[in-house]
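Listed next: structures, encoded as C-alpha cells.
The two complexes that follow have subunit A in common; it is paired with subunit B in the first and with subunit C in the second.
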Partner chain A sequence: MPILRYIGRRVLFVIPQLFGIILVSFFLVKLIPGDPAVMMLGPTASTQSIAELRDKLGLSKPLITQFGRYLHDVARGDLGTSWQTTRPVTEDLFQRFPATLELITLGLLVALAIGFPLGVAAARRRRGPIRKFADYYGLLAGALPDFWLALVLIYVFYTALGWIPAPLGRIDMAVVPPPTVTGSLVIDSLIAGNLAALASSLGHLLLPVLTLGLINAGPILKMTQSTVERTLSSDFIRYAEMCGLPRRVVLRQAVRAALPSVLTIVSVLYGFLIGGAVLVEIVFSWGGAGQYAVQGVLNADVNPVLGFVVFSAVLSLVIYLVVDLLYFALDPRMRG
Partner chain B sequence: MSTAVASRGPAGVGAADPAGSRWLRRLRFFAAVLRQRPTFAIGYAIVAVVIVTALLAPWIVPYGPMVADPTVYLLPPGRGHLLGTDGTGMDILSRVLYAPRVDLAIAGIGTLVSASIGSCIGAIVGYYEGQRSWRRAVSASVMRSADVLQAFPVFVFAIALVAVFGQSVRSIVVAIAFVNAPIYLRLMRTQVLSIRRLRYVEAAYVAGASDLSILARHVIPNAMAPVLAQLSVNIGWAVLLTAGLSFVGAGVVAPTPEWGSMIAMGFQNVVTGQWWPSVFPGIALGVTVFGFALVGASVEVLADPVRRRILSGSLG
Partner chain C sequence: MSGEDLILDVADLWVAFPSYRAAPVHALKGVDLQIAPGAMIGLVGESGSGKTTLARAIMGLVPPPGVVERGRVLFAGKDLRRMDAEARRHLLGREIAMVIPNPRAELNPVIPVGRQIANVVFHHLGVSRKEATGVALDMLRAVRIPDPERRLNAYPHELSGGMAQRVVIAIALACSPKLVISDDATSGLDVTVQAQVLDLLRSMVQEKGAATLFITRDVAITAHFCTRIAVIYAGQLVEMADTRAFFARPAHPYSIMLLAAFSHNPALRARWTRAAGEIADAAGEGCAFAQRCVRRQPRCLTDIPTLRAIAPGHLARCHYPVEERQ
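Here is the complex of A and B:
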C-alpha cells in the first residue's frame, strides 16, 4: 500500500520536528524574565519559602536537566501544571481545545461557503462586476484586522441592533451547559437534547464564526480563482470544449480538478488558525486554547505555553494526515 | 504604447543623454501602467499619503497625540474633534495621524531586517545545496530549522519573543524580523536553485570568479524580483501583526499613538455604544495594509517579464 508507506514517512518526519519545536519553545519561554516561584507566592513571600518552592519545582537545577525532565514527562503524556489555573495543563487543554476547534472549524466552513463559489464565479470571466468584486474582496479581507472586524460586528449586531447575546464566552451564564462529551457545546447540546443550550451556544458562535469566515474567505477565494482559471485554460478543458460539451459540464470538470489546491489552502488556514484565532478569542472572551497560551506567555507560565505548542503541533499533524488521505480520494493521479 | 515610447526615445532626449532617456522611458511606461490599471495607482496614492502623514504628523495634527483632556472624554465625532475623543479625552484624529510613525517604522524596519537576513541565508543555502560536501549538511539543517520556525503558531511565537526581550519597540521589530525571515529564506532559495545552473553563472565560474562574487554580482540581482514583491505585502502584514501584539498588550505601550492599542483602548466603549475610538484607527490600519498589498501586486506584475509584456501589449 503506497498510502500507508506515505503516512508512515510523514509521521517519522514529525518526530524530529516536534523535538525541535519543544526545544526552541522550552528555551524561549525559559528566557522570559520573571520567576514563577515569586509570581506564585506573591511579592510578600520570604526568600526562604521562594527557595523551597524553586527546589520543589526543579527550577534550581540547570536548564538542560529541566529540559530532560520535561521531555521525559511529555513522553509519558504529562505536560505539567499551570500555576495560574493550578490544574494539570493536559486537563486545561482538553477543555479549551474543543472550544477553539469548534470556532475555527465553523469559521472555515463559512469562509469556504463565501470564498469558493465567489472564486469559481470570478474565474469564469476576466472582466465584469463579479471579477472586480472578487479582486477587491480578496485584498480587503487580507487588509482588515480580524479583531477590529469582530468589534465592528459586535457594535452593529449587539450594541446597535441587539440581535445577539452579549459577546462573553460560549454560552449564557444563566443556561446550564450540557454534560461534556465531545467538548463542542453545539454537539453536546444536541446529544443531550438540550434546546436552550443549543440556541444559546449557536447565538454566541454567530459573530466570531462570521468574523473568521469573512476574513479567511479571502485566501480561499484567491486560491480557487487562480486554480480554476489555470484549469480552464488547460488542454483537457480545451479538448472538452472542442468536443462540444455544454459549458456547465466543462466548468464542473474544471472545478473538480481545482479541489486539491483548495483543500491545501484550507488545511494551511486550519493549522494557522489554531493559534491565529487568538485575537478573536480574546474579543469574545472565548476561553480557547490560543488565549490560554497567550496568558501563559504574559505571566511567565511555562507549562501552558509548551503544552499548547505540543498540542497544536500534534493537531496540525493529524490535520495534514487527514488532508493527505483526502488528496488520495480527490486526485486520481496520486493513486496511480 | 511601449513601441511608441521606444521609437520616440532616441529621437527626443535620448540622443543627447541615453541614461536620462532610459529613466524617462521607464517613467512613461510606469505612468501608462497606472493609467491602464487604476487600482495600482490607488495603492501608490495610499502608501504615499500614509508616508507623508507619518513624516508631517507633528505639523498637521490639531491636538497633541498624548494629551488627555478629561473634561471632553468620549465626545462623538463633530466640530472641534473631527473624529471624536477616546475614554481618556485624547483627540482621535491626532492619534490616528500620529500612529503611522510608530507602525510604519516598526513594520518597515522589521520587514527590511527579515528580508535582508532571510534572503542572504536563502541565497547561500540555495547556491550550495546538493553539493557533495559539508555545506550540503549545513544547507539541509538550515532548511529543517526554518521548518521548525514556521511550524510555530506565529502569534504565540511573536508574543514570546517580545516577552523575552522586554516590551519595547525594538523587541517588536526583532519579533517581526524573526517570524518573517523564513519566508524570504524559502523564496530566495527556490530562485537561486533555478538560477545557479544557468549559462551565465557557469560562464562566471569558468572565468574564475569566486563563489561570493558570483552570488553577489550574478545570482542575487537576478533572483530579487519575488523578494521585492513580497516586501510590500509583508510590510502590510507586519503592520497587522504589530497592531495585534499591541491589542493583547504585548506591543506598543498604551499612551503612544498606535492603531492596534487604540483599538484595544476603545474595546469596552464599543460594547456600550461609543464606536469611534476603535473604528477609526481600524479603518486607517485597513486602508494602509490595503495600499501596501496593492503596491505589492503591482510590483509582482512589473517584475515578472511575461506579465509585463502582456500588460505593455494591452497598453498599445
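Here is the complex of A and C:
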C-alpha cells in the first residue's frame, strides 16, 4: 500500500521537523528585545533582585544551554510557565487553541461557501456581471485588512442595528458555559444540551466568522476560478466536449479536477490563520491562541510564544497529513 | 454522387486565428472535402498544415480565438454550422466520433476508463447506467483489451499508450457513429503497437460501417488504410485522388516530396526537396508551395493555381502537375 508507506515516512520526519522549527523559533524569540526579569519585577526592582531572578530562570546561562534545557522539557511535554498567567503554558494553550480553531474552521467553511461557487461561476464565462463581480470581490478581499472589516461589521450590526451581542469574547458573561469536552463552545453546548449557551456562542461567532469568511473567500475564489478556467481549456475537457457530453457534465468534470488546488489553498489558509487571525481575535476579545502568543511577544514572556509555535507546528503537520490523505482520495494517480 | 448521399460535405471552409497585432493566421483557406458513407479518406500533411483545425471545424469546436469565417459543413445533409450548439452536441460522440492522438492526456485522469466509455453511451443512447456499463464491457472486449472486467475499473494512467488508444477507439465506436475522425491517432505509439492499433481501428470501422477521415503526417500509413487520399498544405488541399492513383501517379510536387521523404531512396528525396538555403528567396502572390517547390516556374509566383482535375477523380492544385511515374 503506497499510502501506508507514505504515512510512515511522513511520521518519521515529524521529529526532525519539529526540532528544526523549535531551534529556529527559540533563537528568534531570544532576539526579541526586553528582559523578562525586568518585566516581571517591574520598574522599581533593584539590580540585585533582577540578577537573582535571572539566575533562577536560567537566563544567565549561555543560550545553547538554555536551548538544551528547553528541548529537554518539551520532550517531556512541559512547555514551561507563563509569568503573565502564572499557569503552565500547555494548560493555557489547551484552553485557547480550541477557541482559535473553532473560529478559523467556521471562518474557512464560510469562505469556501462563498469563494468556491463564485469561482466556478466566474470561470464559466469570461464576460458578464458574475465575472465582473468576482474580479472586484477578489481585489477587495485581497486589499481590505480583516480587522478593519471586523470593525465595520461591528459598527453596522452591533452599534447601528443592535442585532448582535456585544463583541466581547465567545459567550455572554451571564450565560453559564457548558462543561469543556472538546473546547469548542458550539459542540460542547450541543453535547450538554445547553441551548442558551449554544445560542450565545453562535451569536458571538457570527461576526468574527463572517469577517474571516468574507476576507478568505478572496483567495479561494481566485484559486477556484483560475483552476477551473485552466481545466476548462485542458485536453481532457476538450475531449469530453468532442464526445458530446452535456455541458453540465463537462463542467462537473472540470470542477472535480480543480478540487485538489482548492484543497491546497484551504490548507495553506488554515495553517496561516492559526496565527494570522490574531487581529480579528483581538478586535473581538476572543482569547484565542494567537492573541495569547502576541501578549507573550509584547511582554517578553518567552514560553507562551514558543509554546504557541510548537502547538501550531504540530497542528500544521497534522493538517498537511490530512490534506495528503485527501489528495490520495481525490487523485488516483497518487495511489500509484 | 449527389450531396444527399454524402456523409460529409465540406465546402469552401475558411478558419482564421486572429492575432493580437499581426494579421490573422488562416489555418484553413477554402477547403472542399466530400466523404461518402463507409469511405476511408486519408488526410495527409506536415505539422501545422491545418489537419487538426479541419477536424475541429467539422465538429464546430475550433478552439478560441479561432473562428470559422466562411464555408459550409454538411453532415448527412444537415448543415452543422447552422445547427444550434445543443443539437450539434447530440451528434458529437454519437454520429461523429473522434479518435485522439494522446489518450493518456485526453482521457479524464480521475475517472475509470470503463465509466468513461459508459458515460458516452449513457448520455447519447438513453440507456440505463447498468446497460451502458454492459456496452462498455463489450467494447473493451471488442477492442481486444485483455482482462476487460478488471480494466473496466482501471484509470488511464494505469494503461499503456496502446491500451489507452484502444479505450479511445472503444469510446469512438461505442455508439456506432457514421463518421470517425482519427487525428494523428497513432503518432505517439511505437511501430508494432501502431500497426496493431491501426488494424484494430480499420476492422472496427469496417464492422460498424462508419466512414473515416484518417488524419496523419505519415503518408505511408494511408496506403494500407484508405480508399482515397487528400494532401493538405498550408490550409489548402493540394491533391486528392483514389489511393491507387495517388501512389501510382502523384501529381503535386508537395505530394511527391512527402512520398520521397518516406522512401529509402536518397536520390529521389534530394531531387524533390529544395535545399534549405534556397527556400527563403522565393516569395510572391502565386502558389503557396512555390518557395519550396523544385518545379517552380515564373508563372508560379504570380498566378494562384486552382484545384483542378488532371484525370478523372484526380485533383491537383498545380500549374505544372507531374505526369510521369516516380
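The working rule: the second predicted complex is superposed on the first by the 326 of 336 C-alpha atoms of A that agree within 3 Å, B and C clash if a C-alpha of one lies under 4 Å from a C-alpha of the other, contacts with A are read in each partner's own complex, and residues count from 1 in each chain.
Here is the rule we use: a residue touches a chain if its C-beta (ideal position, glycine included) is under 8 Å from a C-beta of that chain, and two chains touch if they have at least 3 such contacts.
What you are looking at is a predicted structure, and each value in this text was computed from that prediction instead of being measured.
Colleague: With both structures superposed, pick whichever of subunit B and subunit C touches the larger number of subunit A residues.
Modeller: B
Colleague: Applying the document's definition of touch, where does A:D331 land relative to subunit B and subunit C: first, second, both, or neither?
Modeller: Only subunit C; A:D331 stays clear of subunit B.
Colleague: When the two structures are overlaid on chain A, which partner does A:V314 contact: first (subunit B), second (subunit C), both, or neither?
Modeller: Touch status of A:V314: no partner.
Colleague: Touch test for A:L71: subunit B only (first), subunit C only (second), both, or neither?
Modeller: Once the two structures are laid over each other on A, A:L71 reaches no partner at all.
Colleague: Contacts for A:P145 in the overlay, against subunit B (first) and subunit C (second): which applies, first, second, both or neither?
Modeller: first
Colleague: Mind working out whether A:L279 is in touch with subunit B, subunit C, both or neither, as first, second, both or neither?
Modeller: A:L279 contacts subunit B only, not subunit C.
Colleague: Looking at the overlay, does A:G290 come into contact with subunit B only (first), subunit C only (second), both, or neither?
Modeller: The answer is first: A:G290 touches subunit B but not subunit C.
Colleague: Which partner chains sit in contact with A:V305 here, subunit B, subunit C, both or neither? Use first/second/both/neither.
Modeller: first
Colleague: Tell me, which parts of subunit B touch subunit A in their complex?
Modeller: Those in contact with subunit A are residues 39, 144-145, 147-149, 151-157, 159-161, 163-164, 166, 236, 240, 243-244, 247-250, 260, 263, 266-267, 270-273, 275, 278-279, 282, 285-290, 293-294, 297.
Colleague: In the complex, go through subunit A and note every residue touching subunit C.
Modeller: 233, 235-236, 238-247, 249, 253, 256-257, 330-333
Colleague: Can you list the subunit C residues touching subunit A in their complex?
Modeller: That would be residues 59, 61, 63, 89-94, 97-98, 100, 102, 105-111, 119-120, 123-124, 155, 157, 171 of subunit C.
Colleague: Can you tell me which positions in subunit A touch subunit B when the two form their complex?
Modeller: Residues 16-17, 20-21, 24-25, 28-29, 31-33, 135, 139-140, 142-145, 147-149, 151-152, 154-155, 158-160, 166-167, 272, 274-276, 278-279, 282-283, 290, 293-294, 297-298, 300, 305, 308-309, 312-313, 316 of subunit A touch subunit B in their complex.
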